[in-house]
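We call the chains A, B and C, going by the order they appear; numbering starts again at 1 in every chain.
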Amino acid sequence: MNASQSWVLVADDTVAAGLVEVARTLTTEVVAVVAGRLAVAEAVAHVVDRVVWLGEPADAPVEAFAPAVADLIAQAAPLAVIGATTPGGRALLGAVAARLQAPVLSGLGSVELADGHVVVTRSMLSGVSEHRTGVEGGTAVLAVDPRADVDTAGSPVPVEEVVAPPLRTARILDVKVKEHAGVNLDAAKVVVSVGRGLKAQADVALLESLAEAFGGELACSRPLAEGVDWIAKERYIGISGQHIAPDLYVAVGISGQLQHMVGVRDAKVIVAVNSDKDALIFAQCDYGIIGDLYQVVPALTAALRGTA
Amino acid sequence: MKIVVAYKWAPNPQDAEVRPDGTVDLSRAKSAVSEYDPVAFELARRLADATGAEVIGLTVGAAAIDTPLARKAALSRGLDRLVLVADDALAGADGTRLAAVLAAAVTAIGEVDVVLAGDSSIDVAEGQVPLTVAGQLGWLGLSRVSSVVADGEGLTVERDLPGGVTVLAVQTPVVLAATADAVVPKVAGMKDILAAAMKPVEVLALADLAVPGAQVSLTTLATARPAGGERQAVLFDAADPATAASQLVGALRQAGAL
Amino acid sequence: MDFGLTDEQELLLGSLDELLERECPESYIADLDLTHQPPTSFRKALNEAGFGSLGFPEEFGGTPCDAVTMVLLAERVCRQGLNNGFGLELLQAMDILEFGSDEQKKEILGLLAAGDVPFALGFTEPGAGSDNSAMSTTAVHYDGMVTFNGTKTLITNALQSKYLLLMAKNPEVGDKRKAISMYLVPMHAQGVTTNRLDKIMWNISDACEIFLDDVTIPESCLVGVKGNGFKQVMRNLDLERLVIAATCLGLAQCAFDDAATYAAQRVQFGQPIGNFQLIQLKLTDMAIKLENIRNFVYKTAWMLDNDVPLKSQGALCKRYSAMAAFEVADEAMQIFGGVGVTVGTRVSRLWRDLRGHRFGGGTDEIMVHIAGRQIVKDHS
């Protein structure tokens, strides 16, 4: 095993700063294998020591390059492989994990080197407990939030193109580009969030007013972003959505299930509004109002505006 | 055409008891078909009904996943038959190991065209295993699938990706993982529930499957309860919402949270 | 004695719970009760999931089902707060399945499959309620046709049904018990008019007067054997009483759970009222009644499934269940106090609907008549 080297798996996305950060914690040499467009490879070339590029994908999805990525990793046998917790990232990680017969570690808190071994802290079973885990016997395969675009200041290394034919079983026919909600929940100091207690889509306006009165952003639990689709998916807080740590998190009509609360565990102050006095959230908040949100939310909005 | 639906029989960690030292006791949590897997069952059934394909359920895990109730719960969701690997050697197995066993079972079933899976499991919630299965089989694996229809020689697949809805022409064999809201799954119907006990079930022995040995191992060095869960709630009764609201705002201002 | 559920029953109830959550939330029921509308969309959903063909023979596209499972499902639907939520239409359709012609069977099953109420039961008249052999609606047969004249009243679901299962008598036959026959009469037949009656309960089911004015239709509308009307109706009475009892159980459980939750939350004199002994006394006795109703209902269902002759059991079960269930709802109302009679609290609807089951499907007093007579007979 090449203990001084980590590889990052880039799946056609310049948002990869988080991957490189973790790699740099572990090893002096960081190699990026890039499946995707040349422009992505060129951007990543600014932050790593070597870039291996698998060629223009044309109409192949990035997932088609997964076996080729696995081949390269198997040959290189690095200390660690770091991929993104995105659809493309997980596909590349899956092929690598299968090739190396290595578990993929996710939900990572800290990543460090201890006695030449990769040691991580990670959240287990949707956040119900935390483990400190050491990796032995081979490459550590890590799934990490890629976080932000790589910084393209500074001089890039050359991009090495490698001929590595992708799987030829799929072609992209069309992409219907979505209007981006343009939300940055990470930056918001106050987040007002709503869950299944809300009865109708029209009522989202009530929560929008409350969020505005707080000077904060609107978010939601999973059921409102999926299925009913009342609120943009980018605003969904939970185990497979956003993880945020605002100064104030106001949860309205949210029961407080583990899978949601794990996304806001690090909030400074949590306020809950729920009509069910037995709701789980009342054991996980700093302040709470037991009542009907349809009465409490307008009252709260008025109190904040000083118009009560 | 053969469609395998890979699903999980697992408890919701919400029902777990977490000891002060961070170890988890799931003994009193009831297992069920993992929350988002019914979407995959529904997609499989629709695809099969359109193409005359066979839908085969597949799940692997510890011995306890094989009970009459567990079998019927799966078979009542539009499956033609069920394949299981239930062996305590898989208790506490990590995702790569489970993926290796799933892949070996898919190979044992033979001539499988599509493996369909759900968004993520109710307990581990990572959405990794189906893609590791794809890696193990050497097949293409695509997640975030919101639609799959048969189209001439292959499939037309739609994916709900951050950049937009992507439409692909896909040839089999392939692994597809569905989004949690790709379809609203039908409720398990009466006839299906009552007929479930009659449908064929095959239990594959782990020892008979060609599963590669694990190479990389994990050591648990420490366990702990997650931080940030202990909060002392100050509660206000909304018998008079206006009063409760102003009390809350007052308390938040005093605490410097506003 | 195994009081557990089978795997199938667990899965069925799980499926039903999902369906109830999606298709029959309290807001839906409350709205229907307010606007006096039937639960059509929920019925259709139940039907699509296969629950609508429960208990029918397979040859009619049904799924055979035991009585215990049937009452489990009826209880669960009614526990959601929906009166007569499950089972009654199915039961009534059994009359056609057992005695009807092939054409009639096909027609009724088709309606059930579409999620519709196949027919309304046309028995009660202004002068014939508990004393139904006092009915005076006539059916005169001649030349392959039959003419009906008379008035029915308090007929449930007439406005939602395509047919009326009419009981009418041959005016030339003296013996009341041999005079009455059963007919499947289309509601839109010439001469049939309805007058909706306003009432304060069972709002999701309409109640009507039905006027039959020289209604003349082909004789093929006869169901079963002429003169056997009563005999035919008797066949499924025990199952009907059982389903009514299960309905009462579900509604009462709903009222109880609401009241107990309220008692745990409502603070007066500085503590939840559930801390006070008088409230605890009510809740305890309510719980005992519910347990009694439950045991009665399931034991009766078990007897049906195991071909143990019911004798007075059906009547005893219906009488106790309806009366005790109403008592539970009444105490629930008391626990709620003023809040209980406001719109937005469902306990008053449960109370109203439960009150009706003490006379619907056979009054408390007629149950005494039936059971009492049987008890004495058994002991002589």
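For this structure, a couple of remarks:
We take it that a residue touches a chain if its C-beta (ideal position, glycine included) is under 8 Å from a C-beta of that chain, and two chains touch if they have at least 3 such contacts.
Here the structure is a predicted model, which means the values were calculated and not measured.
With centres computed from Cα atoms alone, the innermost chain of the structure is B. This structure's chain pair with the greatest number of C-beta contacts is A-B. Centres computed as Cα averages put subunit A at a distance of 19 Å from subunit B. Centroids of subunit A and subunit C (each the mean of its C-alpha atoms) stand 54 Å apart. Averaged Cα coordinates give subunit B a centre that lies 41 Å from the centre of subunit C.
Touching of two or more other chains is recorded for no residue of subunit C.
Among all residues of subunit A, those that touch two or more other chains are 290. Multi-chain contact residues, meaning those touching two or more other chains, occur in subunit B at positions 237. Those residues of subunit A that touch subunit B in the complex are listed here as 61, 63-64, 66-67, 70, 86-87, 90-91, 93-107, 119, 123-141, 143, 167, 169-178, 214, 222, 226-227, 229, 239-240, 247-248, 257-259, 262, 265-266, 268-272, 280, 282-292, 295-296, 298-300, 302-304, 308. Every residue of subunit B that touches subunit C in the complex is listed here, in rising order: 68-69, 72-73, 76, 186-194, 196-197, 237.
On subunit C, the positions that touch subunit B within their shared complex are 7-8, 10-12, 14-15, 18-19, 22, 48-51, 53-54, 63, 267. Every residue of subunit B that touches subunit A in the complex is listed here, in rising order: 13-14, 16, 18, 22-24, 94-97, 99-100, 103, 119-120, 122-128, 130-136, 138-144, 156-157, 159, 161-174, 179-181, 184, 212-229, 231-239, 241-242, 244-246, 248-249, 251-252, 255, 257-258.
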